[in-house]
Amino acid sequence: MKKFGAWFQKQNMYLLVGLLMTGLAVVLGILSFFWTPYGTTTMSVAERFHAPSLRHLFGTDNFGRDIFSRVMQGIGTTVIVSSLIVLISASAGILIGAVTGYFGGILDEVIMRITDAVNAFPSILLALVVISILGSGKQNVVLSLGIVFTPSYVRIVRSEFIRLRDSDFVCRARLMGVSKLRILFIHILPNIWSVFWVSVTIGFNNAILAESGMSYLGIGVQPPDASLGKMLSDAQGYLGRAPWYALAPGLTIVWIVLGFSLLSEGVRRKEEKKK
Amino acid sequence: MKKFSITLMALLLVAALGGCAGGKSSEDKSSASASTVETQGNGTTQDQTPAVDPKYGGKVVVGVQQDIDSLDPHKATAAGTKEILFNIFEGLLKVNENGSLICAVASDYSVSEDGLTYTFTLRDNVKFHNGKNVTAEDVKYSLERASGLLDGTVLVSSLQTLKSVDIVDEHTVQVTTGSANLELIYSFTTAIIPAGSGEAEGSNPIGTGPFSFVSYKPQEGLVVKKNPDYWQEGLPYLDEVNFKVVSGADAALLELKGHSIDLYSYLTDSQAAELANDYQIIAAPSDALQALFLNNKVAPFDNVKVRQAVCYAMDRDLANEFVTGGDGTIISAAMLPTLKDYYVDLNDVYGTGANVEKAKQLLAEAGYPNGVEFSVIVPSNYEAHVQTAEVLADQMKAAGINMSIELVDWNTWLEDVYRQGRAYQASICAITCDMTPSYLMVRFQTGHKKNFINFASSAYDEAYKKAEASMDLQEKAKYYKEAQKIFVDEAGTAFIQDPPITIALNKNLSGYKFYPIYVQDMSTVYYNNK
Amino acid sequence: MKYLVKKIVTLIMTLFLVSVLAFLAFQIIPGDVVTSILGTEATPEREEALRKELGLDQPPVVRYVRWAGNVLKGDFGESYRYSKNMNQMMPVAELIGDKLPVTLLLAALSMLIIIVIAIPLGVFWARSKSKILDVSLNMGTQTAMAIPSFFLGVLVTYLFGFVLKWFAPGSYVSFRDDLWGCIRYLIFPAISVAIPKIAMTARFLRNSMLTERSSDYVRTAFSKGASERRVSYVHVLRNAMMPVVTFLGMIIAEIVAGSIVVEQVFSLPGIGKLLISSISTRDFPVVEILILYITFVVIFVYFLVDILYRVIDPRISSK
Amino acid sequence: MIKIEHLSVAFDGPEVVRDVSFTIGDGEILGVVGESGSGKSVTALTLMGLVSESAHVTSGKIYYDDQLLLEAGKPRDNALYREYQGPKMSMVFQEPMTSLNPTMKVGAQVEEMLLLHDRKCLGESIASAPKQNEIQTQKGQLADAEGVKMEEAKTRYAVGFTGWREERKKEKARRKNRVLEALRGVGLREAERVYDCYPHQLSGGMRQRVMIAMAVILHPGLIVADEPTTALDVTVQNQIIELLKKINQEQKNSLLFITHDLNLARRLCDRILVMQDGLIVESGHTEDIFNDPKGEYTKKLISAVPGRTGKRKSPHEKIRPLVEVRDLSVFYRENANSLFGKTVKKCVVHHADFTVYEGEILGLVGESGCGKTSLSKAILGLNKMTEGSVTHHSNSPQMVFQDPYSSLNPMKTVGWLLQEPLRAQGILDPSKAMSEKDREAAAHDMLRKVGMSEKYFTRRPSQLSGGQRQRISIGQALITRPGLVIADEPVSALDVTIQAQILELIRSLQEELKTSFLFISHDINVIYQVSDRIMVMKDGKILEIGETEEVFQHPKDPYTKELLR
């Protein structure tokens, strides 16, 4: 056992396990666009609430739909949606954080206040606002959660830019006459990746959880499309009768998030080792 | 559907003759209901004639879904509030479990020949919870306040035809109305409250009901205690009832499993199955009309053939089976089977199963040979509607009807479907109703404020007007039936079912009564000694 | 003094901004308060009367200024939705004051659980040299952090409520009636809140301790002949706790601002649940004040952490 | 007294200390001289039992007064070491800034020494106790300690709780007195105040004194001082050396003095060991080594020390002024962090007035905090809070920083870094834009000029040594052929031999390119070696400007004299 621990760390099994877990999920998610064992919306009175078996790996739900197929589809939806959320919020975070952190001053004050305000704003209300302007649907959930998560990235990017803006190499770049835009995005930006990567990981996890939460509150992915969060919330009513219905999407979320966390931990360790 | 066999017809007959059906003997009632209550599905009906003696005392926690919207019985509009306040307030008359009117604060009443004057005799010694006797003053005040005679604001809209409320003597009140309407008698269930209490600063709700108000905390619930001076002798049994707000069906299930609530309605079919070992499960029709409402003004439903196609394509049996475990009652028109004299079974027009061929044919005729697509707005807080939408969306695909679901929160639904806009294509929800047929039918007249499906048919309007104006019950029923037939032929909307209401009740409780309206009467509930 | 003034100005600016945003949000989102209150069956006259009563017939700017003026005067208005008695609506201040203790109690309990478990765990983890322990703790905490909060709530309910029967789900009693019973119930939601936070805090503390462990002063302490234990607890821990304090502050702010999901799952009448139901009933006065409260709490807790930092870190305090 | 036999230490990889043997006699001062990576610190840490867990002692033994402390192949006996660390041997570290616990009061940190070992020192019992050679007796001693505890418990019982508390109080007072005494002993005049200070409230020199007080409070037989003066200013450095000398004379303890600075070792040590790559390459009495170094390396080391010989010979003429600084004052906003603090504008450079001429190296010497860096940033226009004027007669002055680690963007390759100034120049002034190919060629050319081979072109800064990075920095600064380069302590972070190479590089490049340098250093000897003229700065004021020889021969200001001592 002792040896196993040392071996695990030395071989950086975090990376491998993380890769395997995420990889499996991603493969299933992509596969779901082309093929699922059963139709994701096919209902059957006779097949209702079947416990997991070889026929239905994860069992069936209250409509007799195959949960495994729906989980596959859910992974696809959830992973895409959360990736987009991270993409939006991280890009916005970099843009805003870089500018405010580097230049400071009044603009920084104003943007930080707005960031604080958005941060304190209930995400559900924000989602309602976005949806009432743009209508419901996946893309708008992405947008509203993208806005919700932006402040956290702004904060991180900003503090990193503040840390680096007076560093020697930036100072020298300024002396060389490098343009501000170039300093921001070519000189400084690559240096915050390691910190940023960590927050992207956390952000990705939060996005999955938040997307699930949105669906849970009924304003996310629309039925009959499956998303892991929506499935989990639907399943809650059948906890006693069909616990597998809740466990399947719940554990799948844990699986993906954990896989991704391990993956990023593995990457971090690898980077450290290189150094 | 034999449960509510004493129908409005019989009831109105009584009303016309004057006098009260209730308040006689309890055996009468119980035998009547015992014979009429039917066991349904996997639910069991609460034993109405217990072998054991009722036990006094005890506390009960009732789980309710919605928080109270007002503690003022005249201002309260939410059904969820009315079901609670039923235990605190009473009107001159009161609905009993059969749907018939019994006398409460009044001991007797009579209606004039022309139907314009109502005379109520007050019952002796009915006491408010503050210990004071109910006087004619109080009755006058309450009715004037509710009808808007007091300050111009109509609080109970069905009473707006009232002209005056006059005190004849200490025990007699006379009410004059502007137009004769047989259904008006139902509005005298409006709560009687102490004179002036509606305006007095900081007053707690005081009524004459079996329970008196103790406390209310937003989001937690309302607590009532036994009214020892209640005029119906021997009632209530319980010392205290706590109407506890439960945050949703899932939370309710957890609380039921944790035995922290004794009674909960609105269970889903599978929840009921899950609780069957620990609770008495009782199912009855909820007396609501669930439908796939089609906006008659918006494409593709501005075409009657498309509407009919949807009616043919819809597999209502399947929805019933999936969502309500087969306990629902399939309906086709805007009338409850409970209102037997006005109800006409039109399920054969489109059939209860799916008729794919017919639907396809109609679609082709309407110019949609490749099928139609539309989106259905569903309020996300109603699980049953969401599930129904899922089932129908999947099942109607076969007929080339592609329905995409859009979940919205309740206020958005109100805004999009019910208020100004009405730009939606279709929606699944339900209309709850009271014991009057007009309540359901009035809204489908052309241009009516509540006509949110924009149904327009002059034939229907005509039939409805005749029905409303008629002072003869037979004739009234005939016109109502005619209107229903017109509505169904026009496929104004695709009705689905009267979903069942399923209740979980603590095994030690007896005496629970179902009402055809949305109330929880706790006065007859008691702990048995089992 | 300037620091304080700056902080207060910042706070006021943010509060103003938030209140405007919330107001705008309510202009945008669909749903009419009057219909929401009166339902579908009311007469148009009554709707009109109510609209007037609530001041909704006024243009938005007037309404905002009037509302803001009242708030500045200390009048937070009355809920559109909840009654206090027969003819009065619930004052928002009273309503929130009523729900706040639940959330605060939950926050306090969660914090207690987090601190009591996470800190020893973090220290133990940092001091342990076993690789297998390191791997398992790493995996364990990662897993704990990966569980969605509502799933965790359901799992806790299921495990402690149904399998172990340590508490009856939904049997929340008000702290006014039975403080001890209330706490006993709150332990379980607190556990759900705490589990991921424990994992995060323990990881954070462990990393912080490992960083501190390689500091020069630690070597100095060893050179004095101090034992491993003494170095860990007397020298390293205090320094390692500095960043953890900030972290814990963020967690407190998060919980005090309302644990919506947990309150929902465990049927706790707290701030988070009030916020959700008020948004869904379009109870503007309540939502607006709640958002201001959340903003205030978040900023104020950060401020407190800042002060605390100054107190415990001599490097900042004496500058 | 200390005997180290054939000591070899390895981390995961090659040995960093190889077969090191030496002895330290009673009261002797032994110097270990070597550059970074020579294994001198690891040797000291191994002796002290402080080397990290990942280090393995692959061979050798360490004795303290015939007591075997450490033997290869056996795990370190930490309990045994703890008996020795403190009362018998103690250590003074290089970084006074970080070697004290930042959140613990200074007094408490010194007192901890007493707390940990007080019982053993009661009445100097240890010193008079018979020497214990075997671990057996050691254990007995531990048992004694238990006995003392029992004694204490008995006394506590006898005198009652209040009495016991009285005792404790008295003991506490006594301990505090001893700490104060020790603080005074190392020359801290306000001992009472220092006692209640946190480390950051003290200056570097004071902290180092505290470290020394901590090390000597128990009168240990051996003090190990690992580069104790490296991080300090020259004037303070002298004081610390004096203090160590004084303590050695008073307490008669042995001192193991580790340094990279041969001059320091010469001033203090009786004997010297020279280490290179983990090996002892030379050892002997101090004067013998200096007068007659045998090893190549030793010779190189001695010659690399910046002395006052080898002055550059390029008498320049003050033809054209390049930068004119007129009555320049520099301010800086002190960001008041405390709760009720205010922002204050602090003047860090007062009325500087001088000219840098074309083609000269102007040396600026001063101790840390004297305003050298602020002045240089003001000249470059990086600090906007100034009064007075700076006139540039050439464009784009560049800068080379002290820290070779932070002044190169760690994410970029050497080639990219060298090309970036050209790219920026091209963007700013399209007439100077170069093709990709030309840029690359120029970068390769510069890489050669700074004495590095082609293969470094694609490497990243993290793959380079400190000296190599500094070369790249210089190359980056010079590639656009600026009129002026400000070099802020460019060699302070480097080892002596590397330092000599970099200085040489700067001199040769200056001659080749005729670029002017403002060369900033705290080390007057370094300045002497490169500068044509010297400027002395203290507390934000320029005290003296003059031709190098002139200033060295006839310093006018007393402070300059002090520096030259």
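Note that the chains are named A, B, C and D in the order they appear, and that numbering of residues resets to 1 at the start of each chain.
Going forward, a contact is a pair of C-beta atoms (placed from the backbone, for glycine too) under 8 Å apart; a residue touches a chain by one contact, two chains touch by 3 or more.
The model shown is predicted, which means the values in this text are computed figures rather than measured ones.
When the interfaces A-C and A-D are ranked by C-beta pairs in contact, the top one is A-C. Among the remaining chains, D is positioned farthest from chain C, on the basis of C-alpha centroids. Centroids of chain A and chain C (each the mean of its C-alpha atoms) stand 22 Å apart. Averaging Cα coordinates per chain places chain A and chain D 47 Å apart.
Distance from the chain A centre to the chain B centre is 45 Å, each centre being the mean of its Cα atoms. The distance from the centre of chain B to the centre of chain D, each centre being the mean of the chain's C-alpha atoms, comes to 87 Å.
Annotation for chain A: residues 128, 132, 217, 233, 236, 239 touch two or more other chains. Touching of two or more other chains is recorded for residues 29-30 of chain C. Contacts with at least two other chains are made by no residue of chain D.
Every residue of chain C that touches chain B in the complex is listed here, in rising order: 29-32, 35-46, 49, 79, 81-88, 90, 95, 98-99, 157, 161-162, 167-171, 174, 264-265, 267, 269, 273-274, 277, 280-282. Chain A contributes residues 1-2, 4-6, 8-9, 14, 113-114, 116-122, 124-126, 128-129, 132-133, 205, 208-209, 212-213, 216-217, 229, 232-233, 236, 239, 246, 250, 253-254, 257-258, 261-262, 265 to its touches with chain C in the complex. The touching residues of chain A, when paired with chain D in their complex, are 167-169, 171-179, 182, 187, 190-191, 193, 275.
Those residues of chain D that touch chain A in the shared complex are 380, 382, 396-399, 401, 403, 406-412, 420-421, 423-425, 427-428, 462, 473, 476-477, 480. Chain B makes touch with chain C in their complex at residues 67-72, 77-78, 153-155, 157, 160, 197-205, 216-220, 246-248, 251-252, 254-255, 257-261, 381, 409-412, 414-416, 418-419, 449-450.
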